[in-house]
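Down below are the structures I want you to see.
Each of the next two complexes has subunit A plus one other chain: subunit B in the first, subunit C in the second.
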Partner chain A sequence: MRSVLGDRRAIAILLGPALLVYTLAMLVPVVWSLGYTFFKGNALEGFRFAGFDNFARLVADPDVHEAFAFTVKYAALMSLGQVVVGYALALFYVFVLRRLSSFVRTLVFFPVVIPTVAIALLYQKLFQSAPRDGVVNELLVNVGLGGVDWLGAGDTAFIVIIVMDLWRSMGFYGVLIYAGLLDIPEDILESARLDGARRWSLFRHIVLPLSLPILLSSVIFSLNGTIKVFDSVLALTNGGPGTSNTPLTLYMYRTAFAYGDYGYGSTIALLLTIMCFAVTVVVFRSARRDITA
Partner chain B sequence: MTTAHRRRPWRRCIVVGAAMTSAVLLAACGGGGESGGAAQDPGKLTYLYNVENGNIAPVLESLAQDKCAAQNAALPLDISSIPQGELDAQIQLLAGQDALPVMFAAGGTPAEGVKLWKAGKLVDFEQELQKLGVLDRIEPAAISTIKKLYGGAFNFLPFQFNIEGIFYNKAYFAENGFSEPKTWGELMRIADAFAAKGIQPFAASGEQGWPITRLISGYLYRSLGPNALQAVADGTAKLTDPEYVRAAAVIADLGRKGYLGQNVTSLDFDSAQNEFLNGNAAMYYMGTWALSAVNNPEKNQIGLDNVGFMPFPAVEGGAGSIDQYPSNVGLPSTFGSETFSPRVADWLKCMTENFGERSLVEENTISGFKIQGEVPEQPAITQDVQQRISNSTESVLWFEALFNAKAGQDSSNNAPLLVTGQLSPEEFMQMLQTDLDAG
Partner chain C sequence: MATLTDPRPTLTAEPVRNRRRRRSVGELVRRVPVAIGIAVLLVIELYPLFWLFMNSLKSSQEFISTPSWALPAEFRWDNYATAWETGSLATTIRNSVVATVPSLLLIILLGVAAGFALEVMVWKGRNTVLLTVLAGIMIPGQMILLPLFTIYFNLRLTGTLWPLIITYTAHGLPLTILMMATYFRAIPREIFEASTIDGASIVRSFFSIGFPMVRNAVLTVALVQFFLIWNDLLFAITFANRRELNTIQAGLLNFSGEYGALDYGPLMAAICITVTGVLVLYLFLNQRIMQGLTAGSIKG
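Let's look at the complex of A and B:
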């Protein structure tokens, strides 16, 4: 094995095809897109050099500011929600349901495999207010509260987006963190119990510190996924009402493909890349120290 | 073997690999090369249209069965559809790859069609229909509208030809002693009276947005005259000018007073239409493509004889005239220039000769193709609309017709916020003017 891995030709043969595919599918488009940031136009009208105009526009564009604010707010709230709810579910599986948790896990995980558009349609019906009330408004009216036009105003539509995406993804985080909790040695838990640790103190001093590595992984997964939110928002509200719930990804897509401005779209994509990179750097820097110590 | 000897084949590999990579990239990204010369025969008459349009595809399929059966045998019709909101982007991508369908519908933004025309991607129907000897089968008014919209050329086909106005419930008007209002003031007095009696004055879809912005342009054309929005496109006026903001404010008032119904933001197109056709609203601003639903007894619960059609009323002291109907060619379709072969031309000729009659008889929709044969007598409201189209001497466009893609989308997306008070008229018009200024 050592002779094979020491042979450059063998390395080239083994890695070459994958490297070539990766280069063609990932690196070339990234570099290509970076090049577009200095141009205006599209494939139909042709491209013209624009220097740093797209970057100046990015800084001044109120739509970018709004989309950036939405993306950050969504990513922060969703990441918090996904990790907290996922952790709560995992604790429930491990310490309450124990061996009987498989059915509940399957049930909670189920929305993860349903297509986003189907879930969005379901939530549109649940929170519908016109031409007739959906289930949520029916409940509100039945308990004496008035119906709400949930998808008709930015704030309430944002709540629906968060609720829907949290419901859709919490099963995944529940299972992910559950796998991490299973790695906590039973003898440590048993020793803590013998030393008198009960519910809160057991959680606070044993379970939480030992589950920090998997929580960190969950935060990385969640932040990277939520910064790139696209399909659920598009399917549920189309970024609206107005542009109140338009993430950067959707604005980038519209700019490039609906408004025919590939250069500015690529500049927005670069902003997203920098955001993801910054998040990754911050998370990995904090992960350098041994958080279990 | 020395190290130097071992490195040589490795370097060759790098060179060959780089060359292959470049070749693949050039092949993948280089597009289809220069267009021009004789059109390629496509093998099938592919047609890409917007899925929301339910009228054109059935007529084409019907023609393929009989009147155009020979053309269909030579070049089979192959229809596919995508949502209208994605059509512009899809067409632009396909055009960039020289892979346009043989025939395709226009997206929501005429400016995108102009780009295709300027890039030489579309057929010049004035020239081709002349060659085929059927140019006189197209209504001149429809050609004129297309030229206004698509860069001065006849480059899209008028599979529909619509005017816009207000459908109204005759029974509600009769019961309350109202006749058709001629001015905006009269219309508002009628709306006030309906609202006071618990009848919702108007049905409109905020989920679509454009049925609301049509009201703004209607008011603008009546108050400022038929060049109101051309002046904005030309840069001699701005949407932020007080008289333009005033139009937005007047329409915002309809929402503020509750005349568009509760939860107008969330009401979709079909539901808004049903509100009127079920008698839940007294009036409904829409294009005459709605005749298809009005003439359908399953959809029209208030009865065919109970539906009237009137023009957008005049604004007192305004420069516009009540007989200047906003008109459009529905969702027109065109042919790609690079696949316009003789067999495609045969199809075009057959469509031009037969589409108008088949569309009217089977779909109750009026097209820009002249009808030559005898057709069964149409319902009174359809005849009324046909008469109005024939008598109309001047038409106007709609609010977003001359906007760029971003302004068009922002207009429709934000119109419901205007009528629910989440955006002020000044903010709404400023947003659109900023989009227009950005080009």
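Let's look at the complex of A and C:
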């Protein structure tokens, strides 16, 4: 029977096309991109060998430092926000709303499917200060606080980015963690209750430890996504004001297409890729140890 | 997926009357925060969209003279006509459809078959291949952007939507293969062994037994990929940067840059049109979409 499921010709027919496309349009470009890191120039003007110049430049480039700092700050804060808010939502769904949560889940989830550019443009208007105040500023003025030029300064624009992306993605993390919480065996909760565990102690000693694996997966997933942040920042502030909120992804894009430097762009892309892999490996390893210990 | 049953303890030892009273007080105490929680979420989620819709119906005069939360004095539906014309929405929608549909079909056909070959079939080296494919999930689009741009340029594919279709297909395969492999894990291999005893080749039994058995999962995966592709911006602005090739996301970005700075009403209307299509799809299929997005990201 093994011979049937091990039929080489069948494997080739079923797997071949996918592997071919994947290899040609993913693996080859990745290797090709690695090759670019040793060159200067671009596809239209031609390339010249640059040795390790791009890497030296990457290490010394203040713009990269700024973009790297933004990416790390954004990814850390955003992941924390997504997992904390998502967890709060999930607990709300499972322990408070219970079986009636379907409607609320549907509602909170829907920004996930809306095109990012549309959301970013909407938030631009909600937080605008000129020519007319948006809703947020009008609210602030009405409660006696002054309006803020939200998108005019780096720090406040960063707040808008965080608020918007959290709004956009919290429903997703809510449902993700909710699905994980449903896997906690009911009899464990039941016996803890019979032993007298109520609310806080039930959460602290039973629910929280049992949700660590799903929280861990969410952190990895979230970091992996937030390091790649691109659409929302591009559409909301275009990395500004100035370069204050430019993630590495956007800096890479500009380097390659506005300045025509493929080699340096690829070097930045490589940094991004390494960050994604590192996050997955490091978080996964350290947390595996914690959970199994 | 397990369903959590009512976690309240059953207090069978207590007298019935006592239990009922205790319940009603507890119920009331619990209901207040529940109601507040739901109300807050409702406002947070719905108000921005309501505001968007209301603003899409205002005249440009109103944007200057009235507060932004005010309701429109009269409904200016012509904003929608203006948005449709000026933003070339028909073109961008067509481009999005032309780029998305073939990519989806290819992703499903290639991805499901590959998931089958990698999970159901037994051969040396399949774990290595699976890991290589899964690593693709972590690779940022920026890493493959420039080589692909060069390749498409040299193949003279720029100026068509082919670069998008090819890129979306390749980029969507890792997640699809992972998800399909997970679904196939739940199907006993004996089924395929039995069908081959009956004389079907394994390729034949994949198409006439394996594929139909996972067709619900296929729909789920297709929905996930649909939203990922439909909402892509990076590849869209790189490979389809000519105006006549703009997808919805790219078109909206250009529209806001050139036209939206002057006239808010039509810009809001354009955003509304863009949002409406996916929201309708979502309302019909929301359970499956949620299920798919979460299954695709974690379980496996």
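Just so it is clear, the second predicted complex is superposed on the first by the 276 of 293 C-alpha atoms of A that agree within 3 Å, B and C clash if a C-alpha of one lies under 4 Å from a C-alpha of the other, contacts with A are read in each partner's own complex, and residues count from 1 in each chain.
By our rule, a residue touches a chain if its C-beta (ideal position, glycine included) is under 8 Å from a C-beta of that chain, and two chains touch if they have at least 3 such contacts.
What you are looking at is a predicted structure, and each value in this text was computed from that prediction instead of being measured.
By the touch criterion defined above, A:130 lies against subunit B but remains apart from subunit C after alignment on the C-alpha atoms of chain A. With both structures placed on the common chain, the touch criterion links A:8 to subunit B and to subunit C. Contacts of A:203 after superposition: neither subunit B nor subunit C is touched. Legend: residue contacts after superposition of the two complexes on their common chain; A:18 is shown touching subunit C, with no touch to subunit B. By the touch criterion defined above, A:214 lies against subunit C but remains apart from subunit B after alignment on the C-alpha atoms of chain A. If you count the residues of subunit A touched by subunit B and by subunit C, you find the higher number for C. In the superposition on chain A, A:28 makes contact with both subunit B and subunit C. In the superposition on chain A, A:43 makes contact with both subunit B and subunit C.
Of the two partner chains placed by superposition, only subunit B is touched by A:258; subunit C is not. 8, 24, 28, 32, 43-44, 131, 257 are the residues of subunit A that lie in the contact sets of both subunit B and subunit C, per the superposition on chain A. Contact residues on subunit C toward subunit A in their complex (touch as defined above): 1-7, 9, 30, 33-34, 37-38, 41-42, 44-46, 48, 51-52, 55, 63-64, 67-69, 106, 109-111, 113-114, 116-118, 120-123, 129, 132-133, 135-136, 138-151, 153-154, 166-167, 169-171, 173-174, 177, 189, 192-193, 196, 201-203, 206, 227, 230-231, 233-234, 238, 248-249, 252-253, 256, 260, 264, 267-268, 271, 274-275, 278-279, 281-282, 286-287, 289-291, 293-295, 297-298. Per the touch definition, subunit A reaches subunit C in the complex via residues 1-2, 4-8, 10-11, 13-15, 17-19, 21-22, 24-30, 32-33, 36, 43-44, 92, 94-99, 102, 104-118, 121-126, 131-135, 138, 167, 171-172, 175-176, 179-184, 186, 189-190, 193-194, 214, 217-218, 221, 224, 227-228, 230-231, 234-235, 249, 252-253, 256-257, 262, 265-266, 268-270, 272-273, 276-277, 280.
Per the touch definition, subunit B reaches subunit A in the complex via residues 10, 13, 17, 21, 24-25, 29, 31, 85, 88-89, 92-93, 95-97, 112, 115-116, 118-119, 121, 206, 261-267, 271, 274-275, 404-406, 409-410, 413-414, 416-417, 420, 422-423. Interface residues of subunit A, counted against subunit B in their complex, comprise 8-9, 12, 16, 20, 23-24, 28, 32, 42-45, 128-131, 149, 151-154, 238-243, 254-255, 257-260.
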